[in-house]
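To keep things simple, chains are lettered A, B, C, D and E as they appear, and every chain counts its residues starting from 1.
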Amino acid sequence: MSASTTNAPPVPRSSAPITLTSGQLPRWIEPAVLAGSAIVVAAVLFVLTQSFNAGVWLFFTAIVYLVGIGLGSTVVENRRKATDRVVRGLVISAFILALIPLVSTLVTVIVQGAAVLNWNFIWTVGGTSFNPDTLEVTYTPGAFQAVVGTLIITGIATLISVPIGILTAIYLVEYAQPNNPLRRAITFLVDVMTGIPSIVAGLFAFSLFSLIVGPKAFSGFSASIALCVLMIPIVVRSTEEMLRLVPNELREASFALGVPRSTTILKIVLRTAASGIVTGVVLAIARIVGETAPIFIAASFTDALNLNPFQDPMQTLAVMAYTNYSFPTTDIAASQAQAWGAALLLVILVVIFNLIARIVATVFAPKTR
Amino acid sequence: MSKSIEVNNLNVYYGNFLAVEGVSMEIAPRSVTAFIGPSGCGKSTFLRTLNRMHEVIPGAHVEGDVLMDGDNLYGPGVDPVLVRRQVGMVFQRPNPFPTMSIKDNVLAGVRLNNKRISKSDADDLVEKSLKGANLWNEVRDRLDKPGAGLSGGQQQRLCIARAIAVSPQVLLMDEPCSALDPISTYAIEELIEELKSDYTIVIVTHNMQQASRVSDRTAFFNIAGTGKPGKLIEYNDTKAIFTTPNVQATEDYVSGRFG
Amino acid sequence: MSKSIEVNNLNVYYGNFLAVEGVSMEIAPRSVTAFIGPSGCGKSTFLRTLNRMHEVIPGAHVEGDVLMDGDNLYGPGVDPVLVRRQVGMVFQRPNPFPTMSIKDNVLAGVRLNNKRISKSDADDLVEKSLKGANLWNEVRDRLDKPGAGLSGGQQQRLCIARAIAVSPQVLLMDEPCSALDPISTYAIEELIEELKSDYTIVIVTHNMQQASRVSDRTAFFNIAGTGKPGKLIEYNDTKAIFTTPNVQATEDYVSGRFG
Amino acid sequence: MTDTIAPSPPALKRPSTKRRAGDTAFLGLSTASAVSILVILAGVAIFLIIQGWPAITANWATNPSLSVIQNPAQVPWGSFWEYVGPLLWGSIWSAFIAMLLGAPVAIGIALFISHYAPRRIAGALGYVVDLLAAVPSIVFGLWGIMVIRPLLLPLSHFLNEYFGWLPFFEGPVSSTGSTILAGGVVLAVMILPIVTSITREIFLQTPRLHEEAALALGATRWEMIRLSVLPYARSGMVSATLLGLGRALGETMAIALIISPSLIYSVKVLTDGYNSQTIAANIALNFPISDEMQRSALIGTGLMLFVVSFGVNILARSLVSASGPKKEKRRSKGKSA
Amino acid sequence: SSGSTTPGSTASSTPTTAAVASTVDPSLTGTITAGGSSAQANAQAAWTAAYNAQVKGVTINYDKSQGSGGGVTNFLSGAYDFAGSDSPLKADQTDQSKSLCTAGGLNIPIYLDGVAIIYNISGVTSLKLSGATVAKIFNLQITDWSDPAITADNGTALPAGPITTVARSDGSGTTQNFTNYLAATQPTDWPYPAANSWPVTGNVSAQKGGSGVVNTVQSGTGTIGYADHSAIGTLNSAAIIQDGTAIPFSPEAVTQTFAVAAVPASNGVPGDLSQKFDYSKLTAETYPIPLVSYGILCSTFKSAEQAKLTVNYLSFISSTAGQSVAAKNAGSAPLPDSILEQAQATLATIK
């Protein structure tokens, strides 16, 4: 370098390290520091509080670990590597942190719900039997009416929301000019719509149907409309994001083949974005399938099986879980067991949706190999 | 099967920015025309106005006429989709459809336009197009694999195969070989030679040798400075451009020692 | 400021697929080495093993050694980040950071290591790097505009400016000029000429003329067929490769009339 | 070579073929869908305004229905605005806590899945997080009561003991666990999947070119993320966060079940009696018992939540556009022919 | 269907005590849409089951999630055939009902229960509290279980420990009935008006629904709350000292309360049976915190068909048999025969 010609290097030299291995913490250092902080924190906590709380322990272990590895790496390696290690620690903690509630909810629901969940519970309509001699009413657990109600109400809401949502997203991404006022208004309002409390959506739908069909407006369909108000913005938003991720080059390639815009959108853009769109739709379904307040308001309540979405009350699994929890019979334990049973069934249902969506997404996903 | 193109005093704008100014030229059917010129002078921009592809960029618009066999591409009632079906295009960067197999990529133009094509016809078309793009031997045993798994050069040849599979009347190519190695480039150049008996071909290239080898006529574009519009400086038989250019700027540019 | 590179019997895999097999070569410091060969023969793949960039592709791994001034890049405890700081890279497709201004793009690498670079130093560095990439005149009055707004050729030169701004010891270039017009290409070639007095430069190119103009030594890679690994066929002084190649395949390739 | 399958040259002029009609129909359909959203939203807004107006304009001190609405100060509320104030604060405060706890974690998880987890298990991990999205909100409500409330009690005592000098952690510490902290944690868990899965998709879509650009400059993994992934994903992250925020603001039942509310302005997060009530939960709790005028008041508060959503969105949008010069670029990929 | 085995006809054919009979018509078909008070929920479920055992063709949908207010609102809009409500129609609601029901809406007491004071103090299974102590505890004036006032009520000291009061966070008839009692009997220790929302603020744990209160009292320590007696499950409830006697909740004691303390408070519509409690009439045999809930329906229905269904069902509820079903399955107290007879008379006039 010192022997360089008169052609000075074009830029000033930074003090880049010349070696390739300078300041490396050994590979085992991360697990070691982690274990160390776990032990130290456990000890300190025990001395300070004379008790042991797993949450507090995990939390402070993470903090001590991050500080420790950060400082250690700053000293031995450099600031950049320290940042890198700390961020990795943070990201992994975030993930573990999220696993805890997931496992906890699932375990809770499964443990609590498994007690009542069996084929009978799924395939029978919940009901009562009455013994005229003892005057005793016995409740027979059953969720069939709620399963059917869930499928009908959510199904209709999905059938309405998904096309509207996806078409709107298409309008926003594929058709509207950036400064089109309608586009601006809709992007904005869709965000606002995500903040509508679910109960207000229920009130809106019920008022609307009261205007149309008169006072006895309770029906599965009006509940579906309420759910649409909640679902559409989620579908629009996630679809919009996914459509924007489709590279423009693909659209151009298609246009250049003389493919009309509509076909390009359907067969190239949607196809490329399909997996993300499906994920968004499933998220939206999961979001609405657990709603209770709008269902009460718009579809009222029943224990009976009702297959007609356009008339009379309907029950859903979420409502069943909620009512059994909130308005138990005199046998509180049995009611709560039913509530958890319905909740477990609901989770299973959504997981099934999710699986189907996954399969669809995998089939449609862009492939590189 | 091929058409003449006549451009009259064309200005191209991106919003308010005039990118290309006052281009007039005539392109004969069954000929190869090369566009050369420094980066940013508006070659791609102008090329895209020949099949109205510039319209997909918000705010891009033209003033002036482009006549194909006398029909104004910008006349009232003209459907850009139909224009593009007759004026095919190959881009600078390869852009195969990531969701499709190699075979489906080649057939995309036919299939997306809802043409029903029998399996044997389809196979024939795929083979012919891929052979034309000199890709057949490399991919014949993995036609059902995704097109995105190919190397850059292979992808570009796949895109060329896709464009010629719909048998357009005019073929626009925007630096089609810039990502290709000499062997593929050679194949494409031969292909152009072949195609020109049926198609009108317009090619943008940075490669002077390529321009002189493949084209009948050459157009040299230049730009006075940043923010200034690109202009057609000289348009003539390729031989004349490379040996006896009329304009000093052209001579400066083509006499560079690069290739 | 530049280093020698020694490659010993290197195999590169994508998962189980052997993409490049048994490459051994020595690259002298302060020299320009060109890699040529047909598309898909593994030039890019091999080039990326010289700064461990192949590792960002899941499943990609190597067998064998790459020594830089005797230090094994794949030795235990070697940090790929440090490797890449010393072995810069310019890609086939321009890839400026789309959210950054032109200036910030140039400074991106420098800011990683040295957050507190003074404004005047930064301005100097930006100017020098952009001048080095022959882009200064075109962008001097819009340094704060986004880099993605430039034309393809301009973007590529911006990427070169960004790479040389961190003053690496070795500079790898994967077809840096394939998207550039002759004027920019010429500038880059001159730049390479200049830089080689300080850096070790490795360049992949499809342009035979370019290889013969800029490089001291040339490596010819070839591939026996699809699915077969790419191999280093011949590695010699550029002059020898282009005039008296030892291997028939090399001769076939370089004697093509293209360039 | 191609003339075997070549069609005869079609005319350039637009013939009124089916396909072009399809194009128009498709544009019509998507525009109609977009407009239908406006209609729905206008419907909801008009509904809220018509139903809420009587209570918003009423004199609360003298109205027989409104003057009995409970006020911790034991006097009738002076006006709708006095009543809605603490509720607004409660909604914003609980959503803030949820976002504070949830959003960074959500983005962290998304990053973990997209850029840290080994490729092989990343898909499985993504699925695991989607599972979280599969848990309906009613289940989170029940879970919150049963698991989170008791779980947070020791932490609450700990925080109060050592950090009680901070206003947030002031006592008296709850003995039942129905704190806004518990509600916030449950809300945070509820927004996790929605924020995570959208940001994850976007992170995964970062062009490899940009990532390689950073890596080739000698960036560490985090620097690569900071240079190429985060800027690319910024507007998507904001959208995802806004979706999560919308969910947090509008969540009804879980909050109603978990938090022990009061109509007061409070920042305490560890108490039973000093948790600011949220609008959505307040509606759910009081709607059943309310008469028409009281319902009007509740719907009026719903209208205010609507307004808050407006405000938050405007704020977020201006933040994004202020910090991201290139945002419109990505947004404007859509074009017209 | 063999009418002779059904409880309704059993009740009418078997002259036990002076039973109030109803005639259940097994041939009816249709759907009754109703809802409101959640206090009635369990009783309604039992009534529905018992009624359906005789009348198979009638579907009864009682929406307990609506609450009393929701029930009344839906009734007034015409959506419900009858509403269940813990308080009778207010004056303006009565006016409103006139446009729907010709003469107006009728309030018929159909459900009687008591508000139980539930607690969870480790080691304590029996608790006696005077009205004043209850008021002071719930008004946060007594904050420890070892308070002398509590000791005095019980005769022995309870283990010391802080008291956490648990109240309803949602508006409810239970709160209304409880505060009715406190406001009427403890004006000094309970300075708040009766209301359906809990007036005390401060260190109170407010929970959604009777089940929320019950759960929280159960899962906490040193907790005390109030809930509809039928919903308290296995929790202990306090005996309330009235006139020197500690009276635990019992259906008989509540029926007695209704018998001695309920005074008619008609809304002016002919046949209306709204009631009010005069707490000054409480005796040492009465459980002092009663909870009464009404069925509200139109004097004249829009549809005679619907009227027939609804009246038939409500008349079953208002029979001795109906009340026994509720007592047996929902733990409620049977209404006295006198009021049931009035109810049958009113129902007979409905068209």
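For this structure, a couple of remarks:
One rule holds in what follows: a contact is a pair of C-beta atoms (placed from the backbone, for glycine too) under 8 Å apart; a residue touches a chain by one contact, two chains touch by 3 or more.
Molecules present, by chain and UniProt name: A = Phosphate transport system permease protein PstA; B, C = Phosphate ABC transporter ATP-binding protein; D = Phosphate transport system permease protein.
Nothing here was measured: the structure is a model prediction, and the numbers come from that model.
Common neighbours of subunit A and subunit E under the contact rule above are D.
A count of C-beta contacts for the chain pairs A-B and A-D puts A-D on top.
Averaging C-alpha coordinates per chain and comparing to subunit B, the farthest chain turns out to be E. Note: centroid distance subunit A to subunit B, computed from Cα atoms, is 46 Å. In whole angstrom, the spacing between the mean C-alpha positions of subunit A and subunit D is 12.
Each chain gets one centre point, the mean of its Cα atoms, and the points for subunit C and subunit D are 46 Å apart. If you average the Cα atoms of subunit B and of subunit C, the two centres end up 29 Å apart. Taken residue by residue, subunit C touches two or more other chains at 81-82, 85-86, 93, 112-113, 166, whereas all remaining positions touch fewer. Multi-chain contact residues, meaning those touching two or more other chains, occur in subunit D at positions 19-20, 23, 220, 223, 284, 287, 330, 332, 334-337. Taken residue by residue, subunit A touches two or more other chains at 80-81, 177-178, 255, 260-261, 263, 292, 322, 325, whereas all remaining positions touch fewer. Considering their complex, residues 49, 51, 53, 55-56, 80-81, 83-84, 87-88, 90-95, 97-99, 101-102, 104-106, 108-109, 112, 163-165, 167-168, 170-178, 182-183, 185-186, 188-201, 203-204, 207-208, 228-229, 232-234, 236-238, 240-242, 244-245, 248, 255, 260-263, 265-266, 276, 279-280, 282-283, 286-287, 289-293, 318, 321-322, 325, 339-340, 343, 346-347, 350-351, 353-354, 358 of subunit A touch subunit D. By the touch criterion stated above, subunit D contacts subunit A in their complex at residues 19-20, 22-23, 25-27, 29-38, 40-41, 43-44, 47-48, 51, 104-109, 111-113, 116-117, 125, 127-143, 146-147, 151-152, 154-155, 158, 189, 192-194, 196-198, 201-202, 205, 220-223, 225, 236, 239-240, 242-243, 245-247, 249-253, 279-280, 283-284, 287, 299, 302, 305-306, 308-310, 312-314, 316-317, 328, 330-337. Remark: subunit A residues 177-178, 247, 249-261, 263-264, 267-268, 271-272, 274, 364-369 touch subunit B in the complex.
Of all residues in subunit B, those touching subunit A in their complex are 51, 53, 56, 58, 81-86, 88-89, 91, 93, 95-99, 108-109, 112-114, 145-146, 148-149, 159, 162-163, 166, 168.
The residues of subunit D lying in touch with subunit C in their complex are 119, 207-220, 223, 227-228, 231-232, 234, 324-326, 329-330.
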